[in-house]
């Protein structure tokens, strides 16, 4: 029998040193990647610890020469620091209110979004309610550019007197993150064997009971991932907050934009606020990291 | 405990007819086997009995009452699913206790019953653990315990031992049989493995949504009602040969491309084509036998061997031989065989239905 | 192409002290093995015994920690799989499910830059043999399991490998079909005359398919031999217990010597083992022996003769029944043929023909004697 | 032996007595709440309420607005004059609209394709085990979680004329080589796109990475034994296998990127001129800066319809295949 | 009984002192008290003022004091970007939430806000509470009252700011004899404060020394304020935004193009931040000594003179903007840009009370105190220029220059749609600065857009408004227009 591969077997032994070069290249690539993804944030952190004189210093330094916490202090007590920075920073306002707002609006909206999304996803997955149309339709809501949708919403909200109220933002946030809630939980619910639920039905459990004592505990992890992911989306949302808040319910990103646009170049406090505003989400992000993979694949990876 | 009756049940999925006017009755405390190849609708039957699917036509009766409109929660039917379906987030104990908790039994009572059932199925050591630490066999046991703990009127077992390895499967099957004798529970065992089904009191064999035969296991094996059953039950499967039949003076002649032989004094009236069946273990190698075949492949199974034989026309069939004869065989040998007339099965060439031989042919007059 | 078993044939592949560790766990423990050209060799063992790892090392998908692998006399231990020209059929077939059957089959040939015409010719030829002509245009995802298996096989064969490795390819297939496919495979191997190594944990499969069987356990080779050898002369308790369905009954027994007579004793029953006394003595029998008897060798005897046993379960299998017998507190399985009329709960009498029995050392597990008296 | 409510009466709902007591918790199932049809409806009701509350009236309003001519400075919007399709006519003759559209498409195209290539490359780089991989993946993933506003601000800082990027350039290529990033359309867009790439490559990475992880090892090994080299394996086996997931990721990213607002708003506000203005910023400027809400409504309708069409043509068949 | 009398006496004495010092503030407080007595407002009621973040430092103490004095709760709502104030205010016009009582906005937006029904005319209240607003020693600097308070013949706002631009320069460099000698040698003319833009450009070029870290100038070409560098040259050359009869844009005329080319020619002597950054760039570079001169709001003088915020404190000079010679006569045109003014929301809880709060903040004494603090509000009343604290903060030299500049300042476009007109102009000029458009294109595109806006808003009404607005331009500009035939004499109000 003629062997097609004979010329290949005759080939020389594998050259081992090649792998060392690969190893070096690979680690170079990995380190470059890490540098690329971490440098911008490191820079932000660096600025947030610099005194005003160093904000714009050229050549710039990565490590602050005279590190200071003033930038963080003024976020919450603008009247505190004295001197040059103090004088410039008097024009800012404490960020406490926006944090309080965000910590009310975002969790509530997230909760509503995930509950509605989860229940609907359950109906879609288990009973095919709405067929293929409904989940798709819900996904399209995610595609509306906020700027476009804000136009009519503004008039509608004015009629409902919902502008600049936490409830108004909660409804918007809950509504526009529904798509993710639905699609992510859908992926997780699909991972629950139908038979486990049917076993419970045959054991005599009512549909609600099945949902709450069997399905819910089983998708707990996924639900946590969804919740926290939606939390991130809501926490970082900017445009709706910019348009639909003014005095009472501004959120952290809007506050941030006030700082960014404020008089003078307050890079230090602006950076500090950026850092503070990112901490909750990044922390939560790490908590859900292992679920993100399954959550983002919308159940497509299970085949 | 209760009897179950399925009357004229029809179920279609899209255009596929899964169940075509199915009827059978399961007696109280019977172990009923439902044997069919995968995809033949066994699971659908169980799900219809459980109430998880609605039949399009026909009725399901449990304990003599029509339950078509009773939701599954109220039917008091338990089912062990093919994939076991234990509650992954609950411990062994909580899994078994779940149906009891739903019924709001007192704590002490629940504990007593769970322990009792666990003992019956030898799973006491699993009560404190989560299902993901169980082995395949252990999962089945716990699942059965969960189904049994509330003594349902009917216990449905959907291919309960499929993915277990052969050794454990055989063990579990034997145990299930013993359990059934002990607890006298109405059980339906659906499986595609005839060896598993053989422990049942009666077996129903399904094919294409229809029932082919309902009979005790031995009868199913000895007198398969159709060619399908004949081929499906037994390992290695029964050899089937399509033959033309000619009724001759004094007997019936069977004409196959690979052989021809005559049965003296037996008649098959009214058919011209039959399917002739013989189990591989019943074939006898005799010098001067009418069927000559060539040895193709020899597969040794310890004490016995399966020999693939080839007829002159290329038709292949199997022969099960003992150890002694096995040694004498070699590839390429041509051997004569006899199909003993008492071991032959006859089926209508068109419909595949079992035929009876008559000692006297009708044409004789 | 007719192949004969025998040592005169060429060694195609040999493993010399091949050893594999994963983070300190020894998966394969210094295996030596020669595989002959045209042979059908089965690796048999429980899951996790290292058989698949061995196979993967032969294919080049894993690198041995130690030892060398030679193919046609050439050292290939570190050669990448692409250059080995060894076919591999995976347990789940690993078909490229986004491709048609045709593209799957053509994959290896296209890599080898054969002309499309030549590729087409070869595929048609193989498709014919494997009865795949009708499904060539189908996407691999939509095939049934048996076709998938054939595609996987055909794909591996098309590159005309020196050696074909199969990793439990029949695992997912239902019982009835499995037997058919098994026979097909065997016939095909005979026809093509190619060398195959077949990994399985199903002893029946190994028995029916292999020219030789290599029984592995915990990374070690327990026994290599022809199916009958392995069935009739298991070298130790592991092999004895692993081969045969239902498994061999293994009964711990005492060894006694009285007045030149050697006995094994169990629950007041005693059997003479004079004929194998020499071997038995060598194995330090004072630590105990294990009597092995296959269920199919357990005989029913007329009432009053032999050992009385309670029938716990009768498990009919058609042409034979498996009986689970209880003798005092010991369970014993027996196979009876031809529909014996045994009822559950009855007392029957059985005898254990020593001619078919095996003796093992309880201490080392090694076989002491096969067939006594 | 365990036994309860095992009598024949247990099946009959109508029958009183024992059965009712034994299954009192289940007995209430007979009432509405637990009937399957009711259950189904109740599951979707919260979502439907929320969505119809949020979507239906605004849709009515946006259509009305687009058909009238109204700006806040004209007084009450309910009395605005009906102008038919003239808002749409004006839209289709507005070059800035088309520029904004084209610009957005360009941003999406460049940004998403870079994200795809980089994400895929990274996924391949990380598709094998090595020490410290978990930490590396964490580092790669975090930009995705930052608020857009923060990302915009960070990149604004980086690309300032006296910022670190220019510093690096000047120290490598000399002071003359520095670029005033926000001074021209192209360089400003580069900065914006870089920011977007920085923030969202992790997403593509995450999707590709998880998809790659789900490709059965055997597929690649099978290709190996058939003689395929690394590139051939990727090209013919790995990539086609993960294609559906990657496509979904691409579509999601494209649709999200099309909405790009925050980054530009923070970094350039659309400037210089309108040269970095995206669709969202254009709508924002027209609707909210200039108060031309009618015109903005017309733009909104066109954009919504266009996106739905794109989604319908591009996304739905894909989803359907996967569903 | 007796201590009550004592307390009453003290309060009255305090009020009397205030009244003596500032009748405007006193009347405002009295008015608020009256409203409270009448039950229109109650103690503890919240009043919100929308302000820009740059003003918080200036207004917060005053607001606190007023809260203390009245028992009302007065809050400042800070908006980050000044352009967003327009959006937010117009939102309120749509939304009518009643959340705001006062808006501190660009004065050229009051037209839009009034037309949108957002703010109420103040005429009657001014008559009632502050009849001498435009007279006496505390009056507004002329003609700021016209720019910052009125629209369509009604009072709609109270001015809070004087935003006539000022030329800030490095006195130490300009007056350095060495430099003067070198300059004279090179250009054949003396180095002195420029009279014309041509001179300005030469000096800019002269002092542009990038290698020493000093750039020639910092002129705004930003997205928001690009027109502030172009308009003074354009107007001084005799340009006019619109034709007074047809409302056709007249910016793409030779004057306009020429003015823009001049500005753009200076770009090579400036940091790119002039058009990539925002207005605060000047507030960074100039006090750091990185640019030779800049044209900005008076508050920059304040920043640059404060040793705490500036490296060049004491070295800052203040000057008028240059002009152009027409037939031997120098015409200077100083843009009045922004001009924060307080207007009263129609939807607030108590507009009259809100007006009174505004009046209190706007009153001579309180506003002087506010402006003394660092921020973006600048002296706009005559008394401010006599306030010792304020003068100390700004430096003695700034006051007279500011007054001088204000006199010849011209307003931003303040028509209905002013925001849109100006934004379009800005973004095109900004684009031209970035080199995306040629000067001609930038101006002609603006002109086209302006035509469209005018048509949309109603040409007839716009013409009427524009003719009104022409009258607000300083007399010498109007004379120039008439002289050049841009405006018919009968419309020039001469």
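Things to note:
So that you can tell them apart, the chains are marked A, B, C, D and E in the order they are listed, and the count of residues begins at 1 in each.
Convention: a contact is a pair of C-beta atoms (placed from the backbone, for glycine too) under 8 Å apart; a residue touches a chain by one contact, two chains touch by 3 or more.
Note that the structure is a prediction, hence the values are computed from the model and not measured.
Between the contact lists of chain D and chain E, the overlap consists of A. Across the two interfaces under comparison, A-D and C-D, the one joined by more C-beta contacts turns out to be A-D. Each chain gets a centre from the mean of its Cα atoms; for chain A and chain C, those two points are 54 Å apart. Chain centres here are Cα means. That of chain B falls 27 Å from that of chain C.
Per-chain Cα centroids separate chain A from chain E by 42 Å. With centres set at the average Cα position, the gap from chain B to chain E is 95 Å. Looking at chain C, residues 80, 82-85, 112, 159 sit in touch with two or more other chains. Residue numbers of chain E whose C-beta contacts span two or more other chains: 91, 94. Counting partner chains per residue, chain B has residues 73-76, 102-103, 150 touching two or more of them.
Of all residues in chain B, only 37-38, 165-167, 170, 173-175, 177-178, 181, 192-195, 198-199, 217-218, 221-222, 232-237, 279, 281, 296-297, 299-303, 306, 308 touch chain C in the complex they form. Note for the complex: chain D touches chain C at residues 216, 218-219, 221-229, 232, 236-237, 240-241, 243.
Against chain B, the residues of chain A that register as touching in their complex are 193, 195-196, 198-206, 209, 214, 217-218, 220. Within the complex formed with chain B, the residues of chain C that make contact are 174-176, 179, 182-183, 186-187, 190, 201-202, 204, 207-209, 227-228, 231, 243-247, 294, 296-297, 312-319, 322, 324, 339, 344. Those residues of chain A that touch chain E in the shared complex are 56, 83-84, 87-88, 90-93, 154-155, 157-158, 161, 163-164, 243, 246-248, 257-265.
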